[in-house]
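Shared chain: subunit A. Partners: subunit B in the first complex, subunit C in the second.
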Partner chain A sequence: MSDTAAITTDEVKQRIRELLADLFGSDRSVSDVPDTVSLREAGLPSTALVSLLVAMEDAFGFEWDDDVEPEVLRSIESLAGHVVALRG
Partner chain B sequence: MSAAEALEQLDLQYPEELPRVTTREGVELYYESRGEGPALTLLNNFFITSPLWRAFTQDLVRDFRVVSYDLANHGQSSKLDKEPTWEEHAADLIGLLDALGIESTYLVATSASTQLARDVALAHPDRVKGLVLAGPVFGLTGMRRHRQLNRAWLLTLKNHGMAALYGHIYPEVISGEMNEEGGTPGFLGFREAFLAMSTPEELANGLALVQEGDTSPELLSRITAPTVIVLGDDDILLTPSRGHELAKLFANGRCEIMTNAGHVPFLDDPETFQSIVRRFVEETEAHV
Partner chain C sequence: MAVELGIPAGVAPETTLATCPVPWPHGPAQQFAAGRRAAASALAAAGSADRIVPRDPDGRPRFPRGFAGSISHTDHLAVAVVAAGAEAVGVDIETAAISPRTAAFVLRERERRTLLAPAGAYTPRELFAAKEAAFKALNGIGALGDFLFWRIELDQSDGALTASYRGEPVPVWVRSEADLSFAVAIRR
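Up next is the complex of A and B:
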């Protein structure tokens, strides 16, 4: 995926879901979690989130910032919204 | 196991059935007991809950009975109207040992809970076989530095909330090496764990309690149980040379330095931490 390509929220959500399937394929409760449900409540170990954040940096061509609000990391939808906002 | 591997295995979930024991009237503590052998009882500081220990005690469980529990008013233990005093936390620990049939135990404490370990070793020396003090909060002449840190953390929590508190604490207690290695994803991922383990009220209560209790270093010299201080060489409170000086205050103490580790050294290097604990327990058991 090119850094400059226009990208929709739905496309980002789909890509995040693919990353989750790659990382936690055996645990479908995580990879199939609905867009707005808390990843933590869906069973994603708190620090396994680290792997997803690193994978998102590679997939979407950006770097996370320490100041990002906790709410951004809550769900697939909030993560996707952050990526789309960064991409303008 | 490296720090990154341990953190990846960090599972803070509680089981569906919550094992609890009654320790005082109106107080039930959630606990986990794994393995068999000499008992090691893990004392939470006010930021962590019992499940966190699983990822950092996997080696010890093979040969020891490893017991962890949630402090009263935290995690899955009883919620009380009033934060327990240090004496009540000590009574809870003794009640837990009684309920689990543990006559005597090694206490493994981290940061603020090293004060609880000290108090229990002084009040109940027959129940304590040895102390492992990871990142102790004691100074050579007092505890002002630790208390000032906690007051600053409490102010940040009250004025700016949990995420800001985490941002305040992280660079102070996490080693420079772990901070650089984890980068921003590591910082953000561990923040999720931090936020999952406590409510603001639980942390405010704990940070307030830490301001209380006797700060005299003379207390340490009255502890008869063998003691090992496990100190990261990047600990915010003590330099390695001061760690060795602190160990001399104990009747039977020594200090082990962990390279490139911070105030919570088992986070940085779970393998080395557990090997230090294992060696200490095996040596102490050999002398019993």
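Up next is the complex of A and C:
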């Protein structure tokens, strides 16, 4: 995917799920978490959350701002919405 | 996991700690239950008659009045720390390896340069745990609002580690056992 390619929210959500599967392997309690459910409440440890954020930087070609709002990092849907907004 | 966790050196002696193994299949439900069992044990050791720790709407454990506490767990072990009379407590245990990229994400350049070995005395996992523990202790302070744990800053003075966010400090103690790092932050 190029930095300028149009990308839909569903495509981003799917890619995030792939990243989660890469990080967690067979732990389906995390990789199958519903889009709007809190990743932390679903059992994602903080080390894994940071690993996911780092992987998203590589996958989507951006860097997280220091002042990103915590709510952006809450769920697959909120993460995807942030990426789509950046790419819009 | 055959690890005997103890309160790090320097923490007030009235602080109590308890652990509980997380049974198979080691999922969120088992981790939650093990954390509550550890909390009940730590509260009992601290002298609390009330040993129930419900979950607040925001997900945080609500310890009995007068017994500040905190819970952390990995897939296999839960730990709870209680400090009677303290304003807030935060505890964190970590077993995951912290990659250089992850360390760069959560630690500022100054923190990496001064606190990590060889210039400093800490490992990336210990500093990660320190920030998480401090976050739990500071997160309940309403004036600070919602923030991310890696925004906390770590400083060392006279061998002691202090975490702070927006001018609100909390001392943090860390230790490592086998493949596990453990941090406690207590705000009085």
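Criterion: the second predicted complex is superposed on the first by the 88 of 88 C-alpha atoms of A that agree within 3 Å, B and C clash if a C-alpha of one lies under 4 Å from a C-alpha of the other, contacts with A are read in each partner's own complex, and residues count from 1 in each chain.
Methods note: a residue touches a chain if its C-beta (ideal position, glycine included) is under 8 Å from a C-beta of that chain, and two chains touch if they have at least 3 such contacts.
All values reported here derive from a predicted model rather than from experimental measurement.
Of the two partner chains placed around the shared chain by superposition, subunit B and subunit C are both touched by A:Ser51. Of the two partner chains, subunit B and subunit C are each touched by A:Leu73.
In the superposition on chain A, no contact is made by A:Val83 with either subunit B or subunit C. Of the two partner chains placed by superposition, only subunit B is touched by A:Asp65; subunit C is not. Of the two partner chains, subunit C is the only one touched by A:Ala42; subunit B is not. Residues 40, 43, 45-48, 50-51, 53-54, 64, 66, 68-70, 73 of subunit A lie at the contact with subunit B in one complex and at the contact with subunit C in the other.
Contact residues of subunit C toward subunit A in the complex are 27-28, 31, 59, 74, 94, 96, 98-99, 101-102, 105-106, 128, 132, 146-151. Interface residues of subunit A facing subunit C in the complex, by the touch rule stated above, are 29, 38, 40-43, 45-48, 50-51, 53-54, 64, 66, 68-71, 73. If you check the complex, the residues on subunit B that touch subunit A are 7-13, 162-163, 167, 182, 184-193, 195-196.
Across the interface of their complex, subunit B is touched by residues 40, 43, 45-51, 53-54, 57, 63-66, 68-70, 73 of subunit A.
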